[in-house]
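One chain, subunit A, links the two complexes that follow: it is found with subunit B in the first and with subunit C in the second.
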Partner chain A sequence: MQKSIYVCCGTGIATSTVIAKKVGQALKDNGIQHKISQGTVANAPTFVQTNKPDAIVSSADVNGNVGETPVISGRPFLTGIKKNEAIDELLNALK
Partner chain B sequence: MSVILDGINYIIGLGVSVMMPIIITILGLVFRQKLGVSFKAGLMVGIGFIGINLIINLLLEEIGPVTNAMVERFDFQLTAVDIGWGSGAAVAWGTEVVPFVFIAIIATNIIMIAFNWTKTMDIDIWNYWQPLFISSALYITTGSMIIAVLSAVINMAIVFKLADWTQKDVEEVLGLEGISLPQIQTTGWAILGYPMNNLLDKTPGIRKLNWTTDKIQERVGMFGEPVMMGLIIGIGLGAAAGFSVGDILHTGVTVAAALILLPRMVALLMEGLTVISEGAQDFLQKRFPDRELYIGLDSALGIGHPFVLSLGLLMIPITLMLAFILPGNKVLPLADLSNLPFYMIFAILPSRGNLLRGLIIGTIIMIVVLYLSSFAAPLMTELGQQFGYNVPEGSAEITNMAIGSQWYTWVVYWVLEQLSGLF
Partner chain C sequence: MEIKEYFHDSCVYFLNLEHRDDVLKKMSENVQEQSLVKASFGRAILDREKEFPTGLDTDHIGVALPHTDKEHVITPFIAVGVLEHPVSFQLMGGGNVEIEVDIVFMLGVTDPSAQVEVLQQLMEMIQNEELSNKLESAQTKGEVISSLQHFTSLMS
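Up next is the complex of A and B:
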């Protein structure tokens, strides 16, 4: 089944582009079909209501109401530090 | 040297959407990326420029008649339209200084790390547009490549130091472990934010007041979203211009459309730059494998924090009010209103989330931003016209609050412009 992931940062422009690219690569490497949407952290609650993603990957703190949707820090995808742990966390969230 | 310059001048003559794919491809190869990947990245940057220019012209066509009507109706003073940071970035990435300044910034960072002058390893290539803007402006006003490159070295050396000094608060308050924010728009304000906060610590009456930002985001968050803000401001402007109902609604929807579409176009440009960013990151990390360094990233990471976002939202009406009451202000705030949180991080970080302090310091920041953006308007208009923006006939100028928010770079600009006779 195709998994839906919402990747976000403060503006939905710069860092989320990098994260989306790396998350996409990691999921592809693990053979997971997916659809990535990109946007702002402020828009995360609205996105959750309308699109019900399976996970959120965010470079900024998500403080709105996103219900039960698992939120994974996107910073490891930017810095490369603890990136494998972040990928594992994402894979677990998508199970 | 003259052969190189002739070659560069030829490429520049082809226009930014052709020039940037070539420059980005070359930079990609310099940073050991594959030719195909680099070329595709360069092409995306060129496409991003075409998209940005389309949307900016759409916005200008809609706003031009509005400002002209308002000038006629009420002797309106706010004739420099804020068309958003994308216009500044487009100009910055679109002149012949780009390859030289780009290499100079990376070299400055490497040298400063090597001599232990900074711990910030800046991989935030997108925001190189900020020093690049001043470099491009200086190159156009003075014609000196040396001055253009020098300005970027000075501007970035300052922001690397500021990023180091503020890293502890960025980590503890914003929770960004091991990350610093070498972005001039944001961290430049630390120079003002911390002393102001200390002063307020000693001010009777204000000293003990602590307002929190709870619930603000929930209550007014919707109006901070570009789509709603664009619609409301567009309708307000159309009404003030005395348009018919149909035209008022048209202005509202067009402004909303521009505020939504412009970031999408910028995202294309950023997608292309990602390849360079990755190359530069590998390049830097390989050179300093054993050093404990902060990773310098976009301050977009910090603006999701509730007190930064809340202050940014509250500053939208305050900024609009300031624009109307400040004597001599020419800026009509518009497209960069949704980016105020970037300028507000160091209004509220020194007090660790005291909203009252944030509002006081934030107001002072916005006064400076408005005056600097007014000052920059003739320059931005000239640069924009060279870029093919259809600045409307009549009284209108273009500017953006983002260039005004890079306050100390204007000090560098002014000093170097004075010194330009020496080179």
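Up next is the complex of A and C:
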């Protein structure tokens, strides 16, 4: 089943674009069908309400109400530091 | 546009400042003097950094990537601020955690889809310890630019 991931950052343009590419690659490497949507962290609650993604990967703190949706830090996908741990966390969230 | 084309002597700064906002102000004023950004850029950068911090740390260097919406930018650029002593920035998506930043890469983004490659390369660069050390110890603008360009040519 296709998994839906919302990737976001403050502006929704710069860092989230890089993170989205890295997340997409990691999911592909793990054979997970997915659809990635990209946007701003401010829009995360709205996106969750309307699209019910399986996980959120964000480089900014998510302060809005996203219910039970798992939130994974996007920072490791940017810097490479603890990236494998972040991928594991994402894979677990998608199980 | 390749990443090395974004780096110019005129956008390299050696800064001896204490506070994050002073670093951001100094750099944005300069890019505005060069007409790379609109007058609204400086305020937008300060507000954005406060709301969505951009500090990132690796094992060997702390960087910040201040940027803001494309409507404030006229010509794409990457300004490089080499800080003579580390300045506290908040960690990107890290609650209120502060990190010590050595180099500031201020991004003037006009076309995110074209510039994603540049940001990705920048991220690879900061993961490289040798380059990070070279940047931190650079004494002249020329040394900063040549280290960056040397490294980007290795990646392409």
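In this section, the second predicted complex is superposed on the first by the 95 of 95 C-alpha atoms of A that agree within 3 Å, B and C clash if a C-alpha of one lies under 4 Å from a C-alpha of the other, contacts with A are read in each partner's own complex, and residues count from 1 in each chain.
The criterion applied here is as follows: a residue touches a chain if its C-beta (ideal position, glycine included) is under 8 Å from a C-beta of that chain, and two chains touch if they have at least 3 such contacts.
These figures come from a predicted structure and were not determined experimentally.
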Handout entry: Partners on subunit A (subunit B, subunit C) - clash or fit
Key = clash
Practice task
Look at A:R75 in the shared chain and tell me whether it touches subunit B only, subunit C only, both, or neither; answer first, second, both or neither.
Solution key: both
Exercise for the section: Would you check which partner chain A:T15 touches, where first means subunit B only, second means subunit C only, and both and neither mean what they say? Expected result: both
Practice task
With the two complexes superposed on chain A, say which partner A:N43 touches: subunit B (first), subunit C (second), both, or neither.
Solution key: first
Exercise for the section: Considering only touches as defined above, state whether A:G64 meets subunit B (first), subunit C (second), both or neither. Expected result: first
Completion exercise
Candidates 5-13, 59-67, 149-157 or 239-247 checked on subunit B; the stretch that hits subunit C is 149-157
Exercise for the section: Show which residues of subunit A both subunit B and subunit C reach, each in its own complex. Expected result: 9-11, 13-15, 17-18, 21, 41, 58-61, 75, 78-81
Handout entry: subunit B residues within the subunit A interface of the complex
Key = 124, 126-127, 174-179, 217-218, 221, 224-225, 263, 266-267, 270-271, 274, 277-278, 281, 285, 295, 297-306, 309, 339, 341-342
Handout entry: In the complex with subunit B, residue positions of subunit A that touch it
Key = 9-15, 17-18, 21, 38, 41-43, 58-64, 75, 78-81
Exercise for the section: Over in the complex, which subunit A residues touch subunit C? Could you list them? Expected result: 9-11, 13-15, 17-18, 21, 41, 58-61, 73-75, 78-81
Fill in the blank from the handout: Per the touch rule, the subunit C residues reaching subunit A in their complex are 48, 51-52, 54, 56-59, 65, 67-70, 91-95, 107, 109, 112-113, 115-116, 119-120, 123, 126-127
